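So, here's a batch of structures to check.
What follows is chain A paired twice: with chain B in the first complex and chain C in the second.
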Partner chain A sequence: MIKKRLAKDKIIFWSICILAILTAVPLLAILGEVFFRGYDQLTWSFFTEPTPTAYKAMKAIEAGEPIPGGIANGIIGTILMLGMAAVVAIPMGILCGAFLAENSKNRFAQTVSYLTDLLQGTPSVIIGIITYVWVVVPMKGYSAIAGSVALCIMMMPLIIRSTEETLKILPASLKEAGLALGGNRARVMMKVQLPAAFGGIFTGVLLAISRVIGETAPLMFTALGCSLIRWSIDKPMSAVPLLIWEFFNDPNLQDLIWGASLFLLLFVLVLNITAKYIAKKWNQ
Partner chain B sequence: MESITPILEFKKTCVSYTKQTMAVKYVSAAIEKNTITAIMGPSGCGKSTLLRAVNLMHNLYSNIRVEGEILLNSENILSMEPMDVRRKVGMVFQRPTPFPTMSIYDNVLAGFALNGIKLSKAEKDATVERCLKSVALWDEVKDVLNKKGTFLSGGQQQRLCIARALAMKPDVLLMDEPTSALDPIATKHIEELLLELQKEVTILIVTHNMGQAMRISSKSMFMYLGELVEYGDTATMFSNPIDERTMAYLTGKMG
Partner chain C sequence: MNDKIYRVILFIAALIVPIVCGGVIYALVTDAYDAFEYFGFFKFLSSSEWNYSEGAEQYGALPFITGTLMTTLLALIFCIPFSLPVALFVGEYFKGKRVAAILSTVVDLLAGIPSIIYGLWGFYTLRPLIMALNISPQGSGILTASLVLAIMIIPYASSLSAEFIKMVPNDLKEGAYSLGATRAEVVQKVVFPVAGAGIFSSYVLAIGRALGETMTVTMLIGNTNNIPDSITSTGNSMASIIANQFGEADGLRLSSLIAIGLILFLITAGINMVGKIMIKRARIV
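Now for the complex of A and B:
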């Protein structure tokens, strides 16, 4: 009898191990594929120079040289647009999440919470077209501002949700202890609850950033893309995922696809590892 | 009969969670200044509910209603601003609740930060030292004031929480089974501390532990099913209870 149980235990243990390995396989395969195809493109000029024109690239290919130029215009665009989106989305998302967590029995808060879920599930292409109508049309042109609005809308629900969920799992005694000292709700939220929830909120913010950093569809309708290094936010701007799409569509630039993809992948990876590290530091 | 104005007085205080049932029924009692009053009774008898009415904790939950009067220095706290009441009435919870992101130093001063009161560095240092000394924690933590409060042991954390409450110089200190999560030695430390502290502050303590009530309190309340069954000198109540329900509880036949 005991032998049978032990055998069963072994079978289950090994099936779990195999399934776990199976889950890791695609991830490792993706990382490996992108790395081996892209690593030799990651030179200094790749990060400092803008996208080459198709003509220059063609010339280089004909001469048997590597394609000149890089993705600096995309990196700057991604960082600028993401930065602008984050500056708005993080404080608004956290405040909204705090409101939802504090008023979970309020009908209005419940509705907002439900709408947040819907927003989170809205396809990004729809966010793109909506931002086009709301921002690009009134501003009479594509711009980095429009791009960041689209990214902001996409980040918000993730930040709201993670803030709300993290605040809700804090022990009620923490909030009560703060209020019992005579603090008002806003101060207890700012000085006790939000700091205690920092780890979860921070992870949520980083998750939101890694989620939208690769978004291509909404940027096509809003930021459009640009082959120059540009800092003016009222003009069209490029982004790394937009460049990957452009490279894919231009036979002369296809060699740059893998470098750009690898950069994006590494960026998200570093972001995630940093997030884990900071959250751990904060919580100890 | 000398008539001292009580610092805290319950007058027909009722607390209800739903419309049909009352958790605390018409409790009337006067608490004298600088005493320790123990609130005893079986689980679910309304001890904690009564205690939490005093610092208006029930205001946080819209379904709970508190009726009657609770007078603090002859002023009805039920019509006062909760933040003002809570500054005068400190509270220590069943489980230690040091703020996890704050250092020991900042935990003691949390009341000031939460009330938006600015202190100079010298005032801060003095307050921290005074409060930690009054809970006999100073010698243990004076070299690690910048460490997080959560690094301390359970008993130390609870003393830190008492220090944090005392920093606001409250008139009354409410304690909701403050030692039930602690080991016997930590409990003994806290009990000795409370006996010392009653010189500065009036203490109202909910306890499941009859020995504890006997050791530290001068007055005791016995509650049963939301009613205040008996209230009087602890020594008298333990040796010669008037009500048979009190007798049954104290002798272990009920509870």
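Now for the complex of A and C:
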């Protein structure tokens, strides 16, 4: 009897270990595949030239040459749209998070907090539909502005949450000391609470950026994509994930998929690891 | 800056959230209205016809609702045998050890991979494998999409479950050990009953993630507008039909797609709300 129970205990222990470690396999498999299929595409021209047309790519394939061009249009589009989204989402998110942290017992704040969760859980494709209805239809055309609005809506809940949570775990004595020294609430928030919460908020911002940088669905109906390097924000614009989607659908451009994916993946992973590292440092 | 202005500024910033949410619901409802009015709300939900040839336009959401529910349910089934061991590994067996930290970092990184890259991996690695194993002739379908979806939701399910497993009081576990229970018995008789509500709620939130996942499913589900008759057949989910057809749609078809978006939004919002409420309850106990 006891032998049987001990044997069962051992079997369960080992199967948990094996299954848990097996879970790491997909990460390695995906990283490995993207890396080995993509690393030789990452040349200088891959980052400086725009996407080739399908015709040009077809010619190159027929001639047996590597496809010319790269993803410069996508990189510039991603940076521009993400930048515009961040400029609005970061200050708004921090202010809103500060409101939630300061008024946590208030009825209105509780509603806002609930709605933030609702927005955070909304599928990204629905954010795409909404931005289409709000921005693309009134502006009578796809544009980088629409793309950045979609990204902004997706970033905001994450920044609100991280700001609120970080401010709430700060010791109350910190705020009280600031107030006792004669600072008013705004001054204490700006000079004491926000600087003290900087690490947590910064981690939240990095995670928000890494979440939206790979988003494809909300950009498909808003920024649409464009094969030129473009700086005008009222015109369609490309982004790295949009380009991957384009390459996936165009048999002539399939050679470019892995380089673009490797670039995106490395970027996202570096952001994630940096965020984790900062969070750990800040917690100590 | 005095207190009053400061409060007003914060209040205005906080107003943006209800405005955006109200705008989301308002835009979805007004633009979906045409489809619901033309076909009737329940008819739209229960019709399996999706025909956009001019003159014979007929739209129904049933194939896509079925597709979404099937992929989500299968993904959940495939995810549990891996996410539960990860949660136990991190939260109980190797709690606080270095290996647990490494494993949880690795699993968290899975959550960071963009969904389009999961789609590529599924398409170029998993799909040929499924074809080679003779599971389905075309490779893509409900099964392929669910397998990749399962990997995508493992981190969401396991990290939250691990939190709840960590919170199980030591004296309860020690009590069981002192009665001669083995570790497996402690997990089964003490950890699961105490952390059960929390673990369950983390799976509810993982379902919320899987429901709205777009790109991976679009790339792997096969994109046919019929009700899938088996788990290996092709289909479409609510998110994937929107991703596939929204760009080229107008008029009634656009309205029908937005109506599907509204249904998806309501289902996800409902699931997430249930999950959050359950988490709050589980934390108190």
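Quick notes
Simple rule for what comes next: the second predicted complex is superposed on the first by the 248 of 284 C-alpha atoms of A that agree within 3 Å, B and C clash if a C-alpha of one lies under 4 Å from a C-alpha of the other, contacts with A are read in each partner's own complex, and residues count from 1 in each chain.
Simple rule for what comes next: a contact is a pair of C-beta atoms (placed from the backbone, for glycine too) under 8 Å apart; a residue touches a chain by one contact, two chains touch by 3 or more.
Keep in mind it's a predicted model, so treat the numbers as computed, not measured.
In the superposed model, A:139 lies in contact with neither chain B nor chain C. Residue contacts after overlaying the shared chain place A:228 against neither chain B nor chain C. In the superposition on chain A, contact of A:13 is made with chain C only, not with chain B.
When both complexes are overlaid on chain A, the residue A:27 reaches chain C alone and has no touch with chain B.
With both structures placed on the common chain, the touch criterion links A:178 to chain B but leaves chain C unconnected.
The larger set of touched chain A residues comes from C, when the choice is between chain B and chain C.
Contact with both chain B and chain C is seen for A:187 once the two complexes are overlaid on the shared chain. Applying the stated contact rule after C-alpha superposition, one finds that A:195 touches chain B and leaves chain C untouched.
Judged by the touch definition given at the top, the superposed model places A:105 against chain B, while chain C stays out of reach.
Residue overlap on chain A between its contacts with chain B in one complex and with chain C in the other: 184, 187. Within the complex, the chain A residues that touch chain C are 5-6, 8-9, 12-13, 15-17, 19-24, 26-27, 29-30, 33-34, 92, 95-96, 98-100, 102, 108-109, 111-112, 115-119, 121-126, 128-130, 132-134, 153, 156-157, 160, 184-187, 189, 210, 213-217, 220-221, 224, 241, 244-245, 248, 257, 261, 264-265, 268-269, 271-273, 276.
Every residue of chain B that touches chain A in the complex is listed here, in rising order: 55, 57, 60, 62, 82-84, 86-87, 90-91, 93-95, 97, 99-102, 110-111, 113-116, 161, 164-165, 168.
Listing the residues of chain A that touch chain B in their complex gives 105, 171, 173-174, 176-184, 187-188, 191-192, 195-196, 198, 282. Looking at the complex, you find that chain C touches chain A at residues 1-3, 5-7, 9-11, 13-14, 16-18, 20-21, 23-24, 27-28, 31, 81-83, 85-86, 88-90, 93, 103, 105-110, 112-121, 123-125, 151, 154, 158, 182-185, 187, 208, 211-215, 219, 239, 242-243, 246-247, 257-258, 261, 264-265, 268-269, 272-273, 276.
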